[in-house]
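Two complexes follow with chain A in common, the first pairing it with chain B and the second with chain C.
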Partner chain A sequence: MPEIAVLVKRVPDTNAKIAISGDRVDLSSVKWVMSPYDEFALEAAMMHKESNGGTVTAITLGTPDCDKVLKDAKAIGVDRIVRVWDDSWSDLDSNQVQSALVSALKELSTEVVYCGKSAADTGASSTGPGVAERMGWASVSNIIGIEFEDAGVEVLIPRNIGNARTGVSLPAVISCDKGFCKPRKPNVKGIMMAKRAQVEVLGADIPTSSINIVSHTPPPQKASGQKFEGAGNVPTVVAALRNDANVI
Partner chain B sequence: MVYEALDFYDIESECTEEEIMVRDMVRDWVDEEVIPNIEAACREGRFPEEWGKALGEMGVLGMTIDEKYGCAGMSYVAYGLVCQELERGDSGLRSFASVQGSLAMFPISAFGSEEQKMHYLPKMASGEWIGCFGLTEPDYGSNPGDMITKASDQGDHYLLNGAKMWITNGTVADVAVVWAKLDGVIRGFIVEKNDPGFSAPEMTGKHSLKASVTSELVFQDCKIPKDRMLPSVKGLKGPFSCLNNARFGISWGAIGSAQACFHSAKEYALSRIQFDHPIASYQLVQNKLSWMLREITKGQLLALNLGRKKDAGTWIPEQISLAKMNNVDMALEIARMARDIHGANGILDEYPIMRHMANLESVKTYEGTHDIHNLIIGRWITGIQSFTRTL
Partner chain C sequence: MTEIIVIAETKDGIISPVTSELVSAAIVLGGNPTVIVPGVNDTAATSGAAISGVSKVIACVGEQFSNYDAAAWASAIDACAPAGVIICAATQNGKDLGSRLAARRAVSVVQDVVAIDGGVLTSPIYSGKAMQNVSLQGDAVVSIRANTFSPSSDGGNAEISVMNQSADLKTAVREMIAKASERLDVAEADIIISGGRGMQDPANFAHLERVADTLGAAVGASRAAVDAWEDISHGMQVGQTGKTVNPSLYIAVGISGAIQHLAGMRTSKYIVAINKDAEAPIFQHADYGIVATWQDALPILESELKALLG
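After this line comes the complex of A and B, so read on.
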């Protein structure tokens, strides 16, 4: 019965207005949520357990502020919740994050890892493949369907010309797109279980960072929209859609 | 339009993590399942059965009752937050949950025998069995103490005779907690839907709480076994204890309705242009929005403080009266103001305003009318009861 892990990340609510203060993003007053793709990864992990047995461990990396996403996962029914952190760390780069996660996955004897296809804050899509690389495991990304078999899984991966149904034997890292399953909701009993659950904290040896962030800048302001009124403007609108917006 | 709750005094920071998790669970469900479907349900005049099931699955029915009976044993503040989110959807939905949890499950849990608790509560918590609460009669509303419905002891069973009116969930209920006089003393009885001599025709023609089922309960020599009487309570204390819990929930629920109306009014005022500027830029409109914020904030502080007292067991019923009366009153006034800010659009079912306004008219009356709560508080202040002429 597989040891299943799901990587979940705390990110600013995707509706939050992100402000820059000085030359750094100011996240002091944003609402935090589990990264939306991770919700699908969590559901896939739960489905895997329902199909093949085993245990599901939700893992996040970060300070105690990140415990909330683990509690959210616990409320949905995962067996264990693990946070990877060492108080000497701050702002880790991708290399460090992946190394730390890999250390925890090894300690937990994980056989299959689910994660979101990208995190809603950085959008880098590097964690899943990076973890697979370090583990020396198969990596399938952006899946939009999954079926569970005795020794592995069969996943649906979008390709330019259609979808590829792909068999994967374990161990593997599977990164999930949205939409192929309906993430289950917590209920009050789950929330009470989560309240009582202990977060296990694991440390790790990580390499030193070779990068540093110099500054953050806000995205360029979007140009304001144009308004056309009356049937007489139809040709202008069509021309604009065709020539400027390139949508028709 | 993403819903952003008004939380001017950061009430959220006063709540525990699990209270917020429960609130968000219900908030998301209301956004996804209720708000897109509520107008249709009102138009058809029905309570969608699947909502009752969903409430059971979420575990919010009777959620303050002990885990031993399949409930969650959560705080009253958590229950309040659930009522708030449900009523942001619709007062009829919150009514369903109030009746099930506070009026039907609560008396069984507080005054029932162990067998009654084990038999009824788990199935009611899961939403499999729906409950109702029969106190009001055609001739006795604010004055239930003079009720006519009576039970008579027939040796191996009781016979119930009489009629109840305005009973939420009556027609769809599997279990009715009915208050009737046995030898002149008010007692609670559990009536099941198939008991002989019991019927529950639906009352139609409501302009308010259209998505909630309201019924008569009719008892004609209704025969129930002896073990269906609630053993541990006599007199008005029974129904009034239930009402205290439901009224507490309403004091939070009304904040939900007020929030829905405020949110809609704010968005509308910012986007509606008259005389070249958004109407939100005019002082008269800002004054209205400011009044709404002020009243919602006061109502939140009242409800939270009362909730903590409920959890600590240090409350008095008059405090519940104040919160129910104040918060429903402010919500109704906010609904009316929001209707005004929306202009003609305010009367359309595209906006939630008129529905909340019409619903709140019922909420103002049920669970103790606005003025009955004034009289309860008046008695607390003066020590003189003014309900009847016999002083």
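After this line comes the complex of A and C, so read on.
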């Protein structure tokens, strides 16, 4: 009966405008959601439990503001919800985040971890493989299909030449793309249970940061382009792409 | 001075062109790099040594390099690489491997770097809606997006040493299921033509494919198109919840330009938009905008390109 964990992250809604105030992003007025790929990781974790038994723990890292994504996971049906945090932490780099998560996973005796292929804020895709390396585990990334076996899973991974049907023995970290399952919606009972659920808070010893965030800046603005009315101008644009832009 | 190590990107046993860009990045960051070339043999190392600016090449040789296995690759490459700043390509496998190498060495990883200036590394965050600028304090792993640096030219003649380094596989490929279509992946293409809901029917993507074939381009799609039509696969989706692309030329057809989509393609070098709605937000981001229906514009585009490119 595997101890299953799913890593979930609170991020700005993907339709949110990101403002810069001073030299940092200003997220004070964005709508927050669970990172989209994490919904597929959560569904895969629930499917794993339904197939092989065990318990599912949803884990996040962050301030009490992040309890909402844990409650969302609880409403879907996870058994435990855990938040890793220490009030002395801020601007954690990948080394610190992974150390903190690994500390929690060890404390929970986790045997398989599901996560989204990347988080919608950093888009880095570092956490899944980084956590696996620190645990000494296998990892597969960007999976687009999964079947559950007695001692492992079989996943589908997109490669240049096609999809690789790949066997993975547990323990392992499995990072999920979207599209292979349909994340379930919470029902009324789940939502009521989630309201009463207690978030377990775990601390961790983490290393010092080796990255200094100098600033956040708006993306470089392109010079305004040329706009033509009517398909008759297509040859003009093709000529410009050839002669001015040099891209065809 | 900190040593810089470049992990060569390879495909089917051959060094990918992006490796020469990584060498340029290394030089901007602070020095002539050691290039590690992973492979089942040392054949590809020769082309690594020919990149100018490389100080030396280590061919990291082992059976595990026949298929990508994150744990085995990281363990073997880590054993071959000296201490220092490691540079990988920001490809799917490069980022995965970089994360593992950083974790193995208990250092940080900075992904998707699109500029390096005076020791400050810039990466897009929130899918390019903002940029994060960081400086390194000590060793780290850095992944660099393709098309960020000009490739270092040929003409180098670095010394090659061979290190045999076997590692246990933690995963087993049981079967390779060939792709149904031979189409180029948007993540790898230098030119992309994408369609949105404005294409009206998935069957109409055939018109985009014909233009793509003329250009040697990949065909992409907006999230709206992928969500609406089963025939348009998620693998084609460009945008914040799809693929982030950085081609030389991006042609958006019947795509309004939702913030979600812009996030995935705004760093394209040149953007062409074809849309019948003159007010579509995509036009604010296009280098060349054409207000027209796809029915009118695509046949002319195809014939013009055919005339030009044969």
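Rule of thumb we're sticking to: the second predicted complex is superposed on the first by the 220 of 248 C-alpha atoms of A that agree within 3 Å, B and C clash if a C-alpha of one lies under 4 Å from a C-alpha of the other, contacts with A are read in each partner's own complex, and residues count from 1 in each chain.
Going forward, a contact is a pair of C-beta atoms (placed from the backbone, for glycine too) under 8 Å apart; a residue touches a chain by one contact, two chains touch by 3 or more.
Remember, predicted model here, so these are calculated numbers, not experimental data.
Participant: Touching A:Asn15, do we find chain B (first), chain C (second), both, or neither?
Facilitator: It touches chain B and chain C both.
Participant: Which of the two, chain B or chain C, is in touch with more residues of chain A?
Facilitator: If we count touched residues of chain A for both partners, the winner is C.
Participant: Tell me the contact category for A:Val201 with respect to chain B and chain C: first, second, both or neither.
Facilitator: neither
Participant: Determine, under the contact definition given at the top, whether A:Val140 touches first (chain B), second (chain C), both, or neither.
Facilitator: A:Val140 contacts chain C only, not chain B.
Participant: Touch check for A:Lys185: first (chain B), second (chain C), both, or neither?
Facilitator: It touches chain B, and chain C stays clear.
Participant: Considering only touches as defined above, state whether A:Ala151 meets chain B (first), chain C (second), both or neither.
Facilitator: Touch status of A:Ala151: no partner.
Participant: Overlap the chain B and chain C contact sets on chain A and report the shared residues.
Facilitator: Comparing the two interfaces on chain A, one with chain B and one with chain C, the shared residues are 15.
Participant: In the complex of these two chains, what residues of chain C are touching chain A?
Facilitator: 11, 67-68, 70-71, 74, 92, 95-100, 102-104, 106-112, 120, 122, 124-140, 170-179, 185, 188, 191, 215, 234-235, 240-241, 244, 248-249, 258-260, 263, 266-267, 269-272, 278, 283-293, 296-297, 300-301, 304-305, 308-309
Participant: Quick check on the complex: what are the chain B residues that touch chain A?
Facilitator: Listed in rising order, the residues are 2, 16-18, 21-22, 25, 28-29, 57-60, 63, 67, 72-74, 78.
Participant: For the complex, which residues does chain A have touching chain C?
Facilitator: 12, 14-15, 17-18, 20, 25, 36-37, 93-95, 98-99, 120-134, 137-142, 144, 154, 156, 158-169, 172, 177-179, 207, 209-220, 222, 224-235, 237-238, 240-242, 245, 247-248
Participant: Can you list the chain A residues touching chain B in their complex?
Facilitator: Per the stated touch rule, the residues are 15, 68, 71-72, 75, 185-189, 191-192, 194-195.
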